[in-house]
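When the chains are written out, they are named A, B, C, D, E and F in that same order, and each has its own residue count from 1.
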Amino acid sequence: MTELMENYNGFLVPAISFIQGYYAYLFLLALFTIGLYAMMMKRNLMKKIMGMSFIQSATIMFWIVAAYKEDATVTVYHQPLGLENPDLYLNPLPHTLMLTAIVVAVVTLGLSFALIVAIYRRYQTLDEPLLLERMQ
Amino acid sequence: MATLELPPRGDVTAPVHQTVNKAGDPVAGAYFIQNAYRDAATPNMVTVILADYRSWDTLGEVVVVFAGGMACYFILRRRES
Amino acid sequence: MTPTRVDACHIEGMKSQTDSPIIHVCARGLAPVILIIGLYVFFHGHYSPGGGFQGGVLLAASFLLLRMTLGTQISQLVMPSRLTITLSAIGALIFAGTGLVAIFAGGNFLDYGFLPVPWFDPAYLRNYAILFIELGVTLTVMATLVSIYDDLLEA
Amino acid sequence: MNEIVTYTSPIPLLAVLVSLAAVPLIYASSNRPNLREFWTLAAAFIKFPLVLSLLPDAFAGRVAEWTMLEISPGIALQFRADSMGLFFALVASGLWILTCFYSIGYVRGANEKKQTRYFASFAVCLSATIGIAFSANLLTFLIFYEILSIATYPLVIHKEDREAMRSGRQYLTYALTAGVVLIAAIGLTYHLAGTMDFKAGGLLAGLDLDANTAKVLFMLFLAGVGVKAGIMPLQSWLPAAMVAPTPVSALLHAVAVVKSGVFGVIRVVGFVFGPELMHTAGLHLILATFAGVTILLASLIALKQDDLKARLAYSTVGHLSYIILGVALITPEGFTGGLLHLSNHATTKIALFFCAGAIYVNLHKTKISQLDGIGRVMPWTMAAFTVGAMGLSGIPPINAFVSKWFLCRGALQADQMIILGIFIVSGLLNAAYFFPIVHRAFFRKGGSDLDHHGEASPLMVVPICIVAALSILLGLQPNLLFNFFDLASGITESIFYPASTLVGLGGTP
Amino acid sequence: MHWLIEFTLFTVMIVAALVALGLRNLLAAVVTLNIFSFMVASTMVSLGAIDVAFTEAVVGAGAVGVFNIVAILLTSRKSLD
Amino acid sequence: MNTLQLPILIIIAFLFGALLIPLLGYFARRLGYITALIATALSLFFSISGLMHVLSEGRISYHLAGWMPPFGIELILDPLSAFMCVLITGITFVVLIFSGRMVEHETPDKTISYYTLTMLLLAGLCGMVLTGDLFNLYVFLEIAALAGYALVAIGDKRAPVAAFRYLTLGTVGAAFYLLGVAFIFISTGSLNMGDVFKVLPLLEDSRAVIVGLTLIVLGIGLKMALFPMHAWMPDAYAYASSAATALLAPIGTKVAAYVLFRVMFYMVDPDFLRHDLHIAQIVGYLGAIGVLWGSILAICQKELKLMLAYSSVAQVGYIAVGIGLASPLGFIGAILHALNHACMKACLFFVSGSLRFKVGHSSITDMNNSLRKTMPWTSAAFVLAAISMIGLPPTAGFFSKWYLALGAIEQSNWIFLGVLLVSTLLNAAYFFKVIERMYLKPQPRVAAPSEEPSEDPVQELTDTTHVNRNEAPASILLPTLTLSLSLLVLGLANAWIVTHLILPMIPDWL
């Protein structure tokens, strides 16, 4: 029993705190990789766009995770909390930046849809092998 | 693996959350929290940063939106009306 | 793969009015509500989450709803296609113009403290200036999203 | 004996620019051949006196200099008419006048296309050559060297047929590769020495260079300038480039371009490395090996050629290496001999090429085996050919004998019996490949097709005779006209005895 | 144990992403993509970024969803992979 | 107006141009072009006066919205960015004059949106150049990128596919960049480049920073078409319309390269760059491979625009080599090459555009010596630009290579030296191929049906001297000639440029 406790203290606690601290980064890394994989390997242009949006989401989430503080509240001024202690509020800067980044991402997606429509109009397909064949 | 050198999630002692950085200069995030309401009489700090402190970014964002619209217009419209 | 008849039907279907009365009625009822929510989000951006961009997307959503259900022809009356690009340029001009006014008033670009509106103290001047430029953001985002939709259907 | 004084004078610049200025005029009057050729002649007649006017100053130890603009921080586009440059410029610009007349006769006689482009390129080439001669530092040298490479290209491909294009490609490949290697060499020199100005006695002389570095650097330089000088593994462009019209072969591929390469070698040996460094690092042996092998192989190959111009081309390859071998001896006599051979070979070889061109225009013959009996049809031309052949074989009254004599003395001075042997053997080989032609021309009976032909047009024959006469005159009295001999010995002196740093006022020490 | 909720959301997010990529019917994939987008927004709420979450929700469900569907209807609904 | 406002004026001239064109174009289509010209001319004026101001009185740090740098966004007008702005606006001005007729010819019903996108592209590029804030750079990068994707998408039939590839890769690049900025931001707590420069030395050997920088370089490398990430570029440039290519090719990649400069030499601690981190060297070696690879692929191309696009891959490699040298000479070489290459590439794409305008195609295999008769000036401009691309003195192209070569020698980096020299030969191989065809290849026996019909086909077969002159119109020809002559001027004036413009930008520590 004591052995188990020692084991718990010596290994599990650090492990759990490690997971608690870094799981978000690791998930996002995975998401980023999934996105890259989709963009490189998927043959349908629509799927490529999905991969692109995964990459963008992963990047955006990365910033948001970085802005998180334990035991802090949202970024709206709350009278009782006052303004003196910045640790009471989340960091608003990454939030702002990501707002912009999301907009950029949306517009990029919109443009890519426009391109897809233009491509389909010319080649009647969105699958890359067929597309390359018809481009010759 | 590089993520291991980043501060863990929710770490209050991360450089981003300090009031001064290692070189002794003020850090933007803490300044915004402390002064946003004072500077623009607006409780939502994100709005203040978005539209005042970093309004140039937001103008850029608006221009991106405009550019996106213009780009779709350029690509898809057959003829300008 | 040549365009099948099904695809052609889709395109036609998206441009014309929907046949289903339920969708018709729901959309007609929902669109103004979304519009109001959009306006609320835009105006309430100072105090809660929201602001120009989100408001603009909601406004655009209401117009898009109309376009999807009522067809492109009728919804032109609400938001004409040829105005969209102009509107989005005007929105961006409102934003950039505010900045330019600040330059002419002797400040740096976008420095709202220098705007020539004498009867506000600086903090409130900034407050209202923020609202004003958010108006530009809203216009641009709304108009652009509608414009992109129109362009996609134009094809 | 007085110190060298430099003074600012725009004459070197003008000498470079005058033919360049003729280019737009030539293009502007492309529809009126007479006016166009007048511009060419005018440029030639202005250029030569300009160069000549610098000569007295050079003998007085005054060197004209003109700094145009800074072309890279600390390095200027600078012209300096020192005696070495003047020597080369005199040869090139002097022979240009004759070539001008000859060209006019040739292109009209052969009914060449694109005459405007031909004359324009020619003028640019001359500018570049004079620029090479007068450049005061390595970068200026490089610039004009590359301009020369490019400007010659249109002349090589003049015929625009498949063979011409192939030769043009080959020529460009060699020339550009050389230029590239030269860039590396010059950059390295600049890095090592911190300067690029040519200095009699070597700009690297006082640097205490590591022998291996010096060898690598020298090999780079050799590859760079050696291509134009036709040193043996790099020579194959030269025979190929003989598809160009004959005046081009004559002036450019016997004088201007190839001599620029040789001039470059001399600059490198005498003004970049200096005799001392050449000795201590053993560089002269490398140079001598290459040059010696080239002389023998080129002469042997020339023996086998049936095409007249190809034979002349290989003979050129061999004779260029004569000059280089003389320089490689690093003895005053050898150096003087090399320099003299630079000018002497120019006059004799140009005579030979002129003859080949005249034969082609007049009789449309290019093969040696077809030349039976033409001595009777074209006596003046073939007489001049004989003079040139005698000169290059080293037979006394002709000027090339003088330089060969000095070269041999140089070999003796350096105690290099092998080199002496090379000179003698190759002299015999020269005779072996030239005299059969003379023999065919005068002592064999020609075919009936020669009956209706006479001598070539006077525009061609007169220049031929003038060059031939010049060869003889210079052989009898090397110091006649332009004091080539004094100039050469002055240069030698300035390189080998840099302490006195002066140009001799006539006469060896 | 607040972070366990986030952990779950993240897991669903990744699963939704993988499913969206795997579906051959693009319309179904788009719906899955909306789930993904909703998960992202929820995670953002959980991390306290309400402004961003709002935007992501509006955009993911509204603009991008509409565009996605329009684009698919205008082109082809099937995908090779 | 106050000279201290210059940095912002450079950008907003374009910005207002972009916003006004759709409004004014509503009234008269011609107004769009005129507005674009005026905006560019204004911006050029502001850039030049900015450059003069910077050289005489030092850098300007412009605080947008009046907030101090860590809080607000900072624009930096120092010699480097001012130089870049002059380059961008100057080249664009020439390109706009050129594209007046081209756009009318190629996309006649889309001129308004074309010029709007042009202005947006330039606003984005100038914003990228001037900004001192890492995130702001991302925003402007996206503006420029979006406009770029759209401009590429119209042209050849294959253009949308090329644009789509450009878009996906460009977006990935931007995402990489943003992720890298996140790493830097999280480690240092600041987005301002000056702040980051101060803090980075204090973070000893932080792997997060290294990863962040690597990601940034990766992202920018994608935008810049650095060697393994160049896949989008050739197609995008080759299939876009001539006017768009002429606009994008000279400056698009240069600005990305400039960002690399900023990040490498102005944001990162010098010791970091030299010893701990081999990013600069890696960039240099990638560039070196790109030089060879791009040149070799360019030799294989049969279409002039495609060949030029591949040669751009190679030329970007030179700039990367200059960065990799991380020495003053490398710096000079890279910046000078950015300038030279912008002029050369613009000129060459002008030529390919004029060919398409007049002949209808720019296929190398179909070229023949009728070109030197029909379009003598255009051909001459091509030859001059080609000579400069090959890098023969006294044209501009030689000198950038010269400085790079000197830099390589100084550092005893023989690989770089070898690459530089070999690439000269490769360049010569593909450019002389074109020149040879342009001037020497005889016309085909049977006149191609696409050529303009001649009155007497028999005569055309037998006699090539009677081809009528059919030169491009003056508004296309003049910019081409101006640029080709400017190559000579730039070559001869390079010492002046180096001492007066480039030397002041080299950071002290280099």
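The rule is simple: a contact is a pair of C-beta atoms (placed from the backbone, for glycine too) under 8 Å apart; a residue touches a chain by one contact, two chains touch by 3 or more.
On a predicted model such as this, the values are computed, not experimentally measured, just so you know.
Novice: Which neighbours do chain D and chain F have in common?
Specialist: Both-contact set = empty.
Novice: Looking at chain pairs B-F and B-C, which one is connected by more C-beta pairs in contact?
Specialist: B-F
Novice: Which chain is most remote from chain C in terms of Cα centres?
Specialist: Centroid comparison gives D as the farthest chain from chain C.
Novice: Farthest chain from chain E, going by mean C-alpha coordinates, please.
Specialist: D
Novice: As a quick test, compute the distance in whole Å between the mean CA positions of chain B and chain E.
Specialist: That gives a centre separation of 23 Å.
Novice: Report the inter-chain centroid distance for chain A and chain C in whole angstrom, where each centroid is the mean of the CA atoms.
Specialist: 26
Novice: Roughly how many whole angstrom separate the Cα centroids of chain A and chain F?
Specialist: Here the centre of chain F sits 32 Å away from the centre of chain A.
Novice: So the centre of each chain is just the mean of its C-alpha atoms; given that, what is the distance between chain B and chain D in Å?
Specialist: 71
Novice: By residue number and range, which residues of chain B touch two or more other chains?
Specialist: Each of 3-4, 6, 9, 14, 16-17, 28-29, 32, 38, 43-44, 46-47, 50, 52, 54-61, 63-68, 70-73, 75-78 in chain B touches at least two other chains.
Novice: Can you list the chain D residues in contact with two or more other chains?
Specialist: In chain D, no residue touches at least two other chains, as defined above.
Novice: Out of chain E, which residues touch more than one other chain, so two or more?
Specialist: In chain E, residues 3, 50-51, 55, 59, 63, 67, 70-71, 74-76 touch at least two other chains, as defined above.
Novice: Which of the residues in chain A come into contact with chain B in the complex?
Specialist: 17, 20-26, 29, 65-72, 75-78, 83-84, 86-87, 89, 91-97, 99-100, 103-104, 107-108, 110-111, 114-115, 117-118
Novice: Within their complex, state which residues of chain A touch chain C.
Specialist: Result: residues 76, 99, 103, 107, 110, 113-114, 117-118, 121, 124-125, 130 of chain A touch chain C.
Novice: Please output the residues of chain C touching chain A within their complex, sorted ascending.
Specialist: Listed in rising order, the residues are 1-3, 47-49, 53, 141, 144-145, 148, 151-152, 155.
Novice: Enumerate the contact residues on chain B facing chain A in the complex.
Specialist: Result: residues 3-4, 6, 8-12, 14, 16-17, 19, 28-30, 32-38, 43-46, 49-50, 54, 57-58, 60-61, 64-65, 67-68, 71-72, 75-76 of chain B touch chain A.
Novice: Quick check on the complex: what are the chain D residues that touch chain F?
Specialist: The touching residues are 69-73, 75, 77, 142-143, 146-147, 149-150, 157, 160, 165, 168-169, 172-173, 176-177, 179-181, 183-184, 187-188, 190-191.
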